[in-house]
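Mind having a look at this structure? Questions to follow.
Think of it as A, B and C in the order they're written, each chain with its own count starting at 1.
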Amino acid sequence: MKKLKSILAYLWELIPGTKGVLGLAIIFCFIVIAIFGSYIAPYEKNYIAFEAWLSPSFTHWLGTDSYGQDILSQMIYGTQTSLLVAIVAGSITTCIGVLVGIVAGYKGGWIGEGLMRIVDLFLIIPTLALMIILASFLPSMGVTNTILIIGLLSWLYMARSIRSQTMSERESGYVEAARMAGMGDLEIMFREIMPNIIPVILANLVLVTTQAVLAEAGLSFLGLGDPSAVSWGTILSLAHANNAVLFNAWWWILPPGLAIACLCFGFILVGNGILDRFQANRGNAAL
Amino acid sequence: MVNLLEINNLCIDYDSPRGKVKAVHNVSFTIKKGEIFGLVGESGCGKSTTAFGISRLLRPPAQISAGSITLNGQELTHLSEAEFDKLRWSHISIVLQSAMNNLNPVIKIQEQLIDAILAHKAMSAEEAINHAKYLLRLVDINEERLANFPHELSGGMRQRVVIAMALALQPDLIIMDEPTTALDVVVQNGIIHKILELQKDFGFSILFITHDLPLMLEICDRIGVMYAGELVEVTKREDLMEQARHPYTQGLLESFPPLKGEKRRLKGISGHPPDLVTPPDGCSFHPRCPYAMLQCKQKEPEKLHDNKGIIACHLYQEGGHRFEQLQTTSEGTK
Amino acid sequence: MSNYKLQVKELNKIFSSGVMFKKDQFQAVKNISFNLRKGEILAIVGESGSGKSTTARMITNLIKPTSGEILYDGTNINNRKFKRLLPEKIQMVFQDPFAALNPNHTIGYAIGRPLELKKKAKGTVRERVLELLTQVGLTPAEDFIDKYPYQISGGQKQRAVIARVLGLEPEVIVADEPTSMLDVSIGIDIMNLMLDLREEKKLSYLLITHNLGSARYMADRIMVVFAGEVVEIGNAEEVINAPKHPYTKLLLHSSPDPWRTEVEEIEIVEFADTTLPKQGCKFQYRCPFVTESCKTVSIPLYGTSNDRQVRCNLYREELVHEQA
């Protein structure tokens, strides 16, 4: 219990300043909406019996779409999918990125070089294009597939940044001291080095999570997402497919766009906050 | 000799999250024309902060909170930035430990030297180049080196270039803050001898700052010892070599293993320097002092001016009656 | 069984840099050989870039030598079996105590973890850590064991590093400039602690330093290195009081010593040129006594390996005769 408390205190330490707190607040709001979605939403999911193309009113705060669905309700249900994809895909990306980055950075030599050449190879291929191709070839596109595609293809930049950070940590005295103490490579990589680059990992985590939100929206917008699941991307995609712009149905386009922007903004604020603190800590350590 | 620089009760503070830090506290000393004055002490004792205070290099939140600094009778603390800039280089210049790494790596030595000269003195480009060549010759660097980039020069040569720049406008006072600390002893020795030679030729004064007491004893005329932001002793070199008076100075001398004499165990100084936010009551050295008495814990010692200089220690307060005793206990410290 | 704890034979290290085809090679250490006796302190003295730290890193197996042998009690340290034992035989005290402790672990963990790994604690690990902390003067130990490195001073960190090293009960400690990052008054405390521990535990030290004063204070023998080569080795007092190699003389002459009485005027050769000669004596560009033969033929170490050895032609007659 005490340990948990100290970990929480440590995490709190990492997220400083107004920027970070504001970012956390935004993300927290979305999480609450996602968890309690079915209670908050005024109408049922995918209920299509309303009149189409209604502009915002007291009964339909964000109006209805061409199918007669309440957009506010759809938005609230969509939060679940978008957040789920963001968090799970972000975590997968982070795990792979950290693993590859630390191993490549610490081991160096052939292993490090080899891993980095693989990364370079993948970096040459435009990731979104690859995702689109994969998504269109896979038979049925469930949320799981979306998550896997995004998660498995976004770790490249992260691995590079973690690698360079690890390489500079590897030169530190404490790593040599750990080797002299007879610690194994695994222990040095994950128990000695990793805690020191946690801020960088967290900042990267924020970044890839943001990218996952955008990638999910992008895939859904192109009609490659899960057709049965609602997400902000599918709402946008439907609006596009039904010429919402022509009908001046701004209430159909703006909310999902703003929600995506808002969530990403929240993640970016948290990331910036963490980086600020990390730099400040390093600066003070040099004194 | 005339006093060139007079510092009276200089205090430099800065606010830290834990409270006010008295980095420099009531420091007073003078530097005569043509004198080499040394400030020695361990890290955090305020010696560099003093130098930065004199040369206006303090960065906020650090600021001079009290005291006066006069150069040639002119009060410096009241000057505006623009007025001070006129004195910089022509009256005061500074050589920092890191200066050799602060030369711009993508600009040739020649341009950096000429820029520095032209920024403070009006002369034609040709004159400036000739002056730059002359300056390099002064520090024994081949004038062909003007065409080099800083990275093509060794650390010692870069530091010589920096010294040449400091000399460019023949200032009255050069402040040198650990100018050779990052260098190997052989290179250091060459540079120190060059500095002494130039000082003899041009007659400028030097405020030399280092933690290396033996080096200081080799070159300085008078030495001020700082501890925890205060100047605890000022003495002539000869007097200090004969007998250090302040227990801290004695301890500092005991911390440098000598190259001569019988091999014996050195005591050093036990404990560690105080926290400047909450310095100890009384004399700030008393927790580490082997001679600490009751009054050391209660009362801050006054700065006693006598024929040998300044001493701030209770052992010497009442006519120095404990001095004899001290001398016998510390026999053989040299 | 010889009474040498450590024998270093013809050690070489060549660093290569640059891209695939255009490789720059730099020989950091050239044919360094020496012995470290049981309970002895040997100081390796040299300027930055002289190869002294590289030698230390090879002996602690942090880097691999290009060629040469390092024997611990007669066993090659690169021997597969020995490698796992190395931490319990040879340990290292690093120059920078601020970097040598992981900022994320407590002092107790930093000292205790190696004990766990090597099963060195007889009672509980915590008890042993407290014992070690007391041994290096971090008392009361209870106050220090749960602290993080940023909560203690530089001198205390170096003591903690020494405690960690002691926990593994090595017989040889390589100390790479252990006091150069510390304030002088703190540094002398650390040196005294190391001297006391040597007496108590019969340790052998290899002390890497650039400071002749500390070398004399700590060491029984001094080895002076220049440009990767040993130029002089001998009893500490003899080397300091009567240096033979011109480079040793230059080093001594350059070290600040306000109490210097006799001014031995050795001509200081300014070295605008930092390149090293391709052949002959490495010190020839700066040597006031240089002769034609110094410029062409490389010079061996003259003298017997147990006494004084000097790599200088000036002493050929004198030392070769002694040898015979």
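Observations on the model:
We take it that a contact is a pair of C-beta atoms (placed from the backbone, for glycine too) under 8 Å apart; a residue touches a chain by one contact, two chains touch by 3 or more.
Just so we're clear, the structure is a prediction, and the values are computed from it rather than from any experiment.
Interchain contacts link the chains end to end along an open line, per the touch definition above.
On a Cα centroid basis, the chain most remote from subunit A in this structure is B. Each chain gets a centre from the mean of its Cα atoms; for subunit A and subunit C, those two points are 50 Å apart. Separating the CA-averaged centres of subunit B and subunit C is a span of 32 Å.
One finds 54 Å separating the Cα centroids of subunit A and subunit B.
In the complex of the two chains, the subunit C residues touching subunit A come out as 60, 62, 84, 86-88, 91-92, 94-96, 98-105, 113-114, 117-118, 150, 161, 164, 168. Note for the complex: subunit A touches subunit C at residues 172-174, 176-183, 192, 195-196, 285. Against subunit C, the residues of subunit B that register as touching in their complex are 42-43, 140-142, 154, 157, 184-186, 188-190, 193, 211-215, 217-218, 237, 241, 251-252, 254-261, 263, 265-270, 272-273, 334. On the side of subunit C, the complex with subunit B involves touching residues 47-48, 153, 155-156, 183-189, 191-192, 195, 210-214, 216-218, 237, 240, 250-261, 268, 270, 272, 274.
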